[in-house]
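Just so it is clear, A, B, C, D, E and F label the chains in written order, and each chain counts residues from 1 on its own.
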Amino acid sequence: MKIKALYTGSFDPLTNGHFNIIERAAKLYDEVTVGVIVNPSKKSMFTLEEREDMIKEALKDFDNVKVEHFSGLLADYVNSNKFNVVVRGLRATMDFEYEIQMAQMNARLFDSSVETVFLMTDPGYSFISSSMMKEVHSLGGSIDGLVPESILKRMNEKLACK
Amino acid sequence: MKIKALYTGSFDPLTNGHFNIIERAAKLYDEVTVGVIVNPSKKSMFTLEEREDMIKEALKDFDNVKVEHFSGLLADYVNSNKFNVVVRGLRATMDFEYEIQMAQMNARLFDSSVETVFLMTDPGYSFISSSMMKEVHSLGGSIDGLVPESILKRMNEKLACK
Amino acid sequence: MKIKALYTGSFDPLTNGHFNIIERAAKLYDEVTVGVIVNPSKKSMFTLEEREDMIKEALKDFDNVKVEHFSGLLADYVNSNKFNVVVRGLRATMDFEYEIQMAQMNARLFDSSVETVFLMTDPGYSFISSSMMKEVHSLGGSIDGLVPESILKRMNEKLACK
Amino acid sequence: MKIKALYTGSFDPLTNGHFNIIERAAKLYDEVTVGVIVNPSKKSMFTLEEREDMIKEALKDFDNVKVEHFSGLLADYVNSNKFNVVVRGLRATMDFEYEIQMAQMNARLFDSSVETVFLMTDPGYSFISSSMMKEVHSLGGSIDGLVPESILKRMNEKLACK
Amino acid sequence: MKIKALYTGSFDPLTNGHFNIIERAAKLYDEVTVGVIVNPSKKSMFTLEEREDMIKEALKDFDNVKVEHFSGLLADYVNSNKFNVVVRGLRATMDFEYEIQMAQMNARLFDSSVETVFLMTDPGYSFISSSMMKEVHSLGGSIDGLVPESILKRMNEKLACK
Amino acid sequence: MKIKALYTGSFDPLTNGHFNIIERAAKLYDEVTVGVIVNPSKKSMFTLEEREDMIKEALKDFDNVKVEHFSGLLADYVNSNKFNVVVRGLRATMDFEYEIQMAQMNARLFDSSVETVFLMTDPGYSFISSSMMKEVHSLGGSIDGLVPESILKRMNEKLACK
């Protein structure tokens, strides 16, 4: 049985919470695709291209992980690419009600062979989110250890350019 | 004892979750008014008139249900129309904390004879919302069985006109 | 439309949280039955007879409320007595997940015309329960205003007899 | 990559909620072991042997599912049998806080290659539990469609023997 | 040991929920600073100056409470002013998940001697928020007893000026 | 202002989650009393005397912490000993609803000058409890780093004596 997994998000930017889920998914599945959501109406700190580059750089040591982007209905992307599982991270302090709502809607839309599986976020990362990372960093607070080092370097460069 | 019930919402559009609550309220109360909230500052897919028409069409088989709209403070509308109960649907995966907050505020504002009563949404509809229906439908996903058939027809027409 | 409502519990003893729900139900429904659950395997402070007496005394001013007891499956009692609604109180700080589970099971077991309806407990009573009342009272703490006066008198008598 | 999954429980008895999780796990993993927890201090309706037999019978159509039992620390059983994933079902109306607590404790005790993965229980089964099934069934209520047919037969036999 | 406490918020406007927390904090700590958050990008009913004035007026009877404002990272303000505790109010019906997320992020950013402490909001105020107060008041509903009298006077004046 | 704080529990045994709260309380308050709850009807692993000894040993480096025990109503103990605050730890994954219920009941029973204050448990300890520690330890699992070293030594001795 060869299992193709998908992990999606805006990743603006990738945090260590995301990294931790991807690292664990890479052990569980034969192939993990990180799918960056294209959402032109949502203002982002990094462009789609920058985000894809940054994720590739952060994940360059994983042989079975690749980075793509998609737009439109998640279920169309999942069904047409024949993913077997969609991986989601659950944080203790958040997410559960929203995630269960999406999982139940997607259970209708996904091909019947596709499953949403949840991994519990490491408690040390359960309080972080991309938006909190951006806010704290932009105000000069330290986010050391909460985003991959290569990501922090890019955030510092972006902040310096403003 | 004759009980007049009110069920309010934006209904942009009415879903089968709403329909299910109205259907059950119609068995419990002598008269059920579906009160469409007029909120000019909120962008909607359907105009107020369209929404009222669509609800009337979907509910045309219920003798004791009528459709109205209102603006301003809910409590003013409730008190001046002498409703006895305000019906709310509770979804397992959401809503509870917001609903209890509103119910407690309204307990102060409603006439003392008015009660907020809650019906549990059918688990099969517990994950759907108007905004999710619009998003999935606009991206080409199937929402068959999640909104009344007459509503789906109107959504298809609206999408074709864009 | 004549609506017969049922409100069940162990009522060992009745608290002001219960009283508040019954008082409000009595305004909403033509007839409210307080159904005391007979559960021989559960140790209680007051006997079934005492509990029925105490509730009758506390509710003697309500013309449309009566007190009964039942054993076995709730749905059998509900269906055979042709109740129209089963009233439940929801406390902000508790109950929601358990209540939704029971409501969904009962939706299968009740006749299709029967509904479970929820009233939000008054915030001033949201923290009280029969077992907490018994524990605090037995340790000499004041529960004045948290149970009806006639109930408190009976609790004092029972404590004195020990 | 060959993935061995474990799904544990008391299964006293197996419900359709359990069955649904096992059925889905069997599509995701090369081998699924149903591990019945041996807990002599907990009174059960069916003996360990009966429960294993009943699960085998209910799952006889799944080629990659086998039934075992274990006692002691879950982590010892998982580590020594080299399971790769431990599957848990999450019900919308319950479980989340307990499950995250166990997952975080087990993350310390499991070998580093072992993951706890969560599947969301089908909303149609989100309200059922073994203990509720036993209670409703023993009181004569219908649990048709909530447990596998072969299980219901065994529950009827057990009830007749009492 | 002399403890300097900080209580922050937008206070647009101060409610009796806020007032209740400040009153209780003033008994627990030697000095309580009410820190008004400066957030130019967020539209407010009252200007920063108005809000500071209104809070001072409402709290004029407390000797150990003072009012300040700050912008930027909360942790910078806390660390540089050597506050010992940051006080937060928890409402039964809301807040918990957001608050725990912020507390965990701040535990990293605060000096190691700084603690976030939580007081439970009085149940009588657990349903109110500044935004709900503004909405209900602007629609003509009574918020008497939910905001300090001096604040209500200022809200009435502001509404009259529109 | 001199503040006397109380932190209560069964402490059967003290965990690093408890230790962490006490350590932080000792920085915030002039005097912290660890109050061991005497509950003869609850079976414990360690006797009251053992638990008091173990806590004293684990906390021997804190000058302003002392260990006592009490029985009966918490509020009586708090009021008669003139404690100013009762400290509670909140774990992300649990506790909140129970804690708010107790805090609201105690607000009635405590002298008006007494406050319940909550500290958020460190995320690294949010999943541990005394009962889980005992269960995992008794089954041979490692709880290293989850209880103080001196406590673990006592647990090992107790287990060896069985």
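Following the convention adopted for this analysis, contacts are C-beta pairs under 8 Å (C-beta built on N, C-alpha and C of every residue); 3 or more make two chains touch, one makes a residue touch a chain.
These figures come from a predicted structure and were not determined experimentally.
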{"item": "Copies subunit E and subunit B - interface residue numbers shared by over half, same or different", "value": "different"}
{"item": "Chain of greatest Cα-centre distance to subunit D", "value": "E"}
{"item": "Subunit C and subunit E, separation of their C-alpha mean positions in angstrom", "value": "39"}
{"item": "Approximate Å spacing (C-alpha centroids) for the pair subunit C, subunit D", "value": "35"}
{"item": "Inter-centroid spacing, subunit E versus subunit D (mean Cα positions, whole Å)", "value": "48"}
{"item": "Touching two or more other chains - residues of subunit B", "value": "92-93, 100, 104, 123, 126-127"}
{"item": "Pairs of chains found to touch, sorted by chain label", "value": "A-B, A-D, A-E, A-F, B-C, B-D, B-E, C-D, C-E, C-F, D-F, E-F"}
{"item": "Residues of subunit F that touch subunit D when the two form their complex", "value": "93-94, 126-129, 132, 136, 139-142"}
{"item": "Subunit B - residues contacting subunit C, complex", "value": "1-3, 24, 27-30, 84-85, 90, 92, 96, 100, 103-104, 107, 113, 115-120, 122-123"}
{"item": "Complex interface listing, subunit D residues touching subunit F", "value": "72-73, 75-76, 97, 100-102, 104-105, 108-109"}
{"item": "Partner subunit B, residues of subunit D touching it in the complex", "value": "92-93, 123-124, 126-127"}
